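Note that chain A is present in both complexes that follow, paired respectively with chain B and with chain C.
Let's turn to the complex of A and B:
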């Protein structure tokens, strides 16, 4: 019917396309246009061409923040999905507590990032609960100024991120587990595969679709991280936790230096990075799915 | 076919009406919607019912943490202007730029918005703030404050205060070690810290997780060590005629405190200056501390016996007060109630109203004939200002919010031992130099 009446098809698609153009394409184009101006704020600006993009290449703060962001994303994606997978498997193997467990592990995800940051700020303070616990366990030598040391601050934030979203990853993997063909699991048991062997030979390959979703979503989320470093360290100490989103924030809302357009330029860079990284990752993981 | 799916619910009985009845209902709905829209539009402007002008104001002062007598002043304004209904919205400072800047861009921000020098530069120069140059209070503003409220010769804000960022001293702890007067010189300060250390009392705390305290302390020291001999440093730096090498002794002073065992700067990087630092000092956990004068009201309320003093950086009794041009009021260029908005701003410039705010903030008046309230805790600091011993932070030039972030990171790197003082000043010269 629709193939015979293309205008009907267009009419059905028009609202969705219009919404997409207005809500997605238009702001993107506006952002791109803004990045080619010298705007201090808003539309009062002159066209400067690619000057802002040229400045990016020599901006050591942006280059450093890019490195911090990528390092953070790599660690978070691997650790968050590993923990999520372990949690999902534990719940899959224990049907009695599965429902309650899957609800409980999602609780940190439901917490606002700002609230989680404040709670962990307090736990990670020099006289906070974590150092107090280490002392109580006789491990006083391991106490540390977690958020004040550049060698630990970023990873302390990553731990909070993993704590928040491992349950989310677990929910994705658990959904994957629930879709595993029961006969395959049974057959592997009959063949004597159990534990680690069953996981590597049967479960892990069959969880490929869940892995694609989990890795892609956590990659996008961690590349765009903002609230946690903003509240927990304000990008410090000495810029060691300054992510690209924080540089964008300072440029756009920093005031006085007219960095609004430059902030938009960095935002375009971040968008490209997220699209490229997520696109490549997804393509590789999809190819893996097809191979399996 | 399931009969229940065809059941007509009473709340959607429109389908069962006649065409004429439906038309009347639609017309009624249109009228009702129009009335609602008009009422909505009247949120700012003149309300229909009592012909009062509704004036919307945004500010980051006036919340529970810093009431700053804003409610009292607003009540006085409404009493003095019975034809104006004031709607003051407190927006936390951390969320202020995101919300207000976006609303200014969208054209629906409040009629009067609280600003500071950085916002005046960006919002004023981009046409989002009303030019207030013709207002009567402009001529009364202290001359040195002009550059902070102006852009290209036009005045975009009424300054509300000049506020100190300096050292607090816990008098009770000092008395415990036999110190009856706050230090006025560097040797006196070191002597006090030694006595406190000997008594097992934490002498100085500079919580610096977010970087603010490190930058503020360096500036408070530089107020004396740099600006006494080079009062035009800020202007000269912007012109490329001065270098941060003049700040070496200020940066060194903090490292000296560490080498003498009075503070562990690395540990201070793990303590949050806002959530932990203030409450710790209030709880008497250290004798000296650096923060903004706006905290004095909280300390007084908590019953703390303290003094707010210039950082005693020099060997002579000539410490300078470190001042910051704080909050300001600006008028949204798109306001529909310009007269009321200007009236509100002018009201805040009057001595009797401004003094309530200045009292709560422990701040200094930005007007030549303004009254600067003095309390027991702040008398030494205000005396330094009245004596002409002060320096104003250049928040309109190299120490804008972005510049401040740079200074914060550089000072943190120095405290961590990641770089030398020479490297720090070199980085500051490079990163803070004017871009255009």
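Let's turn to the complex of A and C:
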């Protein structure tokens, strides 16, 4: 019995705890310390207190990237979960194709962001398939340089993000649907409640736990988005797709700018944003679960 | 519907009304969305097999002639054989390490109900919200000083540490569902904790391990950042890093990018075709059980 052998218990945990302390906890603490120094390229540095943090407040690039990141996250979280929920409901109502459908819509989730970016960069190109399709449908006026226009580039990337993960959101909501008490669904359908009323009055409240999970996960994921803008637009055009993660990457590894400590400072800002946003959202949604 | 309608007729009637036109619209919309999700795949495959000159002339055209030249050319441009080898070593190494040390640590964490064990568990779980960007600069310095930049060991250890929160979460919840009588019986038979773990418990972990492995495979295989930052040696670069090197010079050429994308996702599709039932659970279990 492991509970009566504390030394054995410690030995079981030792490899994981050691690796986690060295490669996660220690770098996290080092990152906080680094953000209070003036380190240029990772070499010895002097303590400068909160100077880097003060600089953040006056850095228009960082403030802009913060706005881009939050706008992107809000749009992705709402759209991705709405599409996912609609898909989940449609599949739940059709037991015969449920299995096949839920596997098919997960295919984009298997793709790496790099691969998805390759495919969509080409689809969204000025002479790519999407513009060609619009022309073929007689909608030539809608053709657009999707990734080359600062007013559409970020939303084009959001579409790719939603394409990749709507099936994932659907899988979460479908799991929620499968947990609903069957009698309740039957009872409400016998009552003759219309589809929309049944959804708002019965399903939506009961799906609260799935909503909490789906919203929280997509929020964390979209606040941390990096590879899609990195590969698709590299932050452009005109900085319109420069997320916080892009700024951090360029500061730390962009070469020659000597922004090592400052990049670490922006990373701490990102950490705070993720923890606060995810924490508050999750707390609110959990409270909602209890109310229902 | 009025109150005079006979009660017995209501269910059948309301069902017919509801399942009629509305449901048909639902079918059409569902079909359209699934097509929208699936179309880029089909288009990628078809375009990969068309001669580049045909694609330039008519990107949406029906294929008149097919070729595998694009695929062989992408294959050599992204050093696929070498990338596949590096990606596989990184993946298998971090999978084994994460599964073994994650399950070992989760066992006492699931069984010991003291407050320190709860705290260790919480600290592990908290790691799953930390963005890698907070760790990446100090990690880079740490691996550099340890001589682990440009090595399989550096990448494997990094992935293992980053994925331990997920592994410990999966295994701890699973161990809590295993009845403790099993261990008590093994103890009465004279089996020590180590023997009990490897002989009695570890085989029971097979389903949760398959689910976890699916999740980890996606996370590690598809990752770009860790190998991009920690590996410069061309012989250690992964499929994703090699594919990323196409960006810039050929960014918009579908006859190169599409086959490269297919080559990148092919190993996953092939292995998951055999493990289909684990995909959904692998992707959602961590999410839904929290």
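The criterion applied here is as follows: the second predicted complex is superposed on the first by the 266 of 292 C-alpha atoms of A that agree within 3 Å, B and C clash if a C-alpha of one lies under 4 Å from a C-alpha of the other, contacts with A are read in each partner's own complex, and residues count from 1 in each chain.
As a convention for this text, a residue touches a chain if its C-beta (ideal position, glycine included) is under 8 Å from a C-beta of that chain, and two chains touch if they have at least 3 such contacts.
Values in this document were obtained by computation on a predicted structure and should not be read as measured data.
K.L.:
For the combined arrangement obtained by superposing on chain A, do chain B and chain C clash, or do they fit?
P.N.:
clash
K.L.:
State whether A:205 touches chain B only (first), chain C only (second), both chains, or neither.
P.N.:
In the superposed model, A:205 contacts neither chain B nor chain C.
K.L.:
Going by the contact rule set out at the top, does A:146 touch chain B (first), chain C (second), both, or neither?
P.N.:
The first partner, chain B, only.
K.L.:
Under the stated touch criterion, which partner chain does A:125 make contact with: chain B (first), chain C (second), both, or neither?
P.N.:
A:125 contacts both chain B and chain C.
K.L.:
Quick one: name whichever of chain B and chain C touches more residues of chain A.
P.N.:
Ranking chain B and chain C by residues of chain A touched puts C first.
K.L.:
Does the superposition put A:260 against chain B (first), chain C (second), both, or neither?
P.N.:
both
K.L.:
Chain C clashes with which stretch of chain B: 21-29, 39-47, 75-83 or 93-101?
P.N.:
Superposition on chain A puts chain C right on top of 93-101.
K.L.:
Residues of chain A that sit at the chain B interface in one complex and at the chain C interface in the other, please.
P.N.:
42, 118, 121-122, 125, 253, 260
K.L.:
Hey, which residues of chain A end up touching chain B in the complex?
P.N.:
Within the complex, chain A contacts chain B at residues 39-42, 44, 118, 121-122, 124-126, 145-150, 233-239, 242, 250-251, 253-260.
K.L.:
What part of chain A is in contact with chain C in the complex they form?
P.N.:
1-3, 5, 8-10, 12-13, 15-17, 19-20, 22-28, 30-31, 34, 42, 83, 86-87, 90-91, 93-94, 101-116, 118-123, 125, 127-129, 132-133, 136, 163, 166-168, 171-172, 175-176, 189-190, 192, 194-195, 210, 213-214, 217, 220, 223-224, 226-227, 230-231, 245, 248-249, 252-253, 260, 263-264, 267-268, 270-271, 274-275, 278
K.L.:
Hey, which residues of chain C end up touching chain A in the complex?
P.N.:
Against chain A, chain C makes touches at 1, 10-11, 14-15, 18, 22-23, 26-27, 29-30, 33-34, 36-38, 40-41, 43-44, 58-60, 101-102, 104-105, 107-109, 111-112, 120, 123-124, 127, 129-131, 133-142, 144, 157-158, 160-162, 164, 168, 183-184, 187, 192-194, 196-197, 218, 221-225, 229, 240, 243-244, 246-247, 251-254, 257-258, 260-261, 264-265, 268-269, 272, 276, 279-280, 283-284, 287-288, 290.
K.L.:
What residues on chain B touch chain A, complex-wise?
P.N.:
By the definition above, chain B touches chain A via 97-98, 101, 104-105, 116-119, 121-123, 125-128, 209-211, 266-272, 275-276, 395-397, 400-403, 405, 408-410, 412-413, 415-416, 418, 435.
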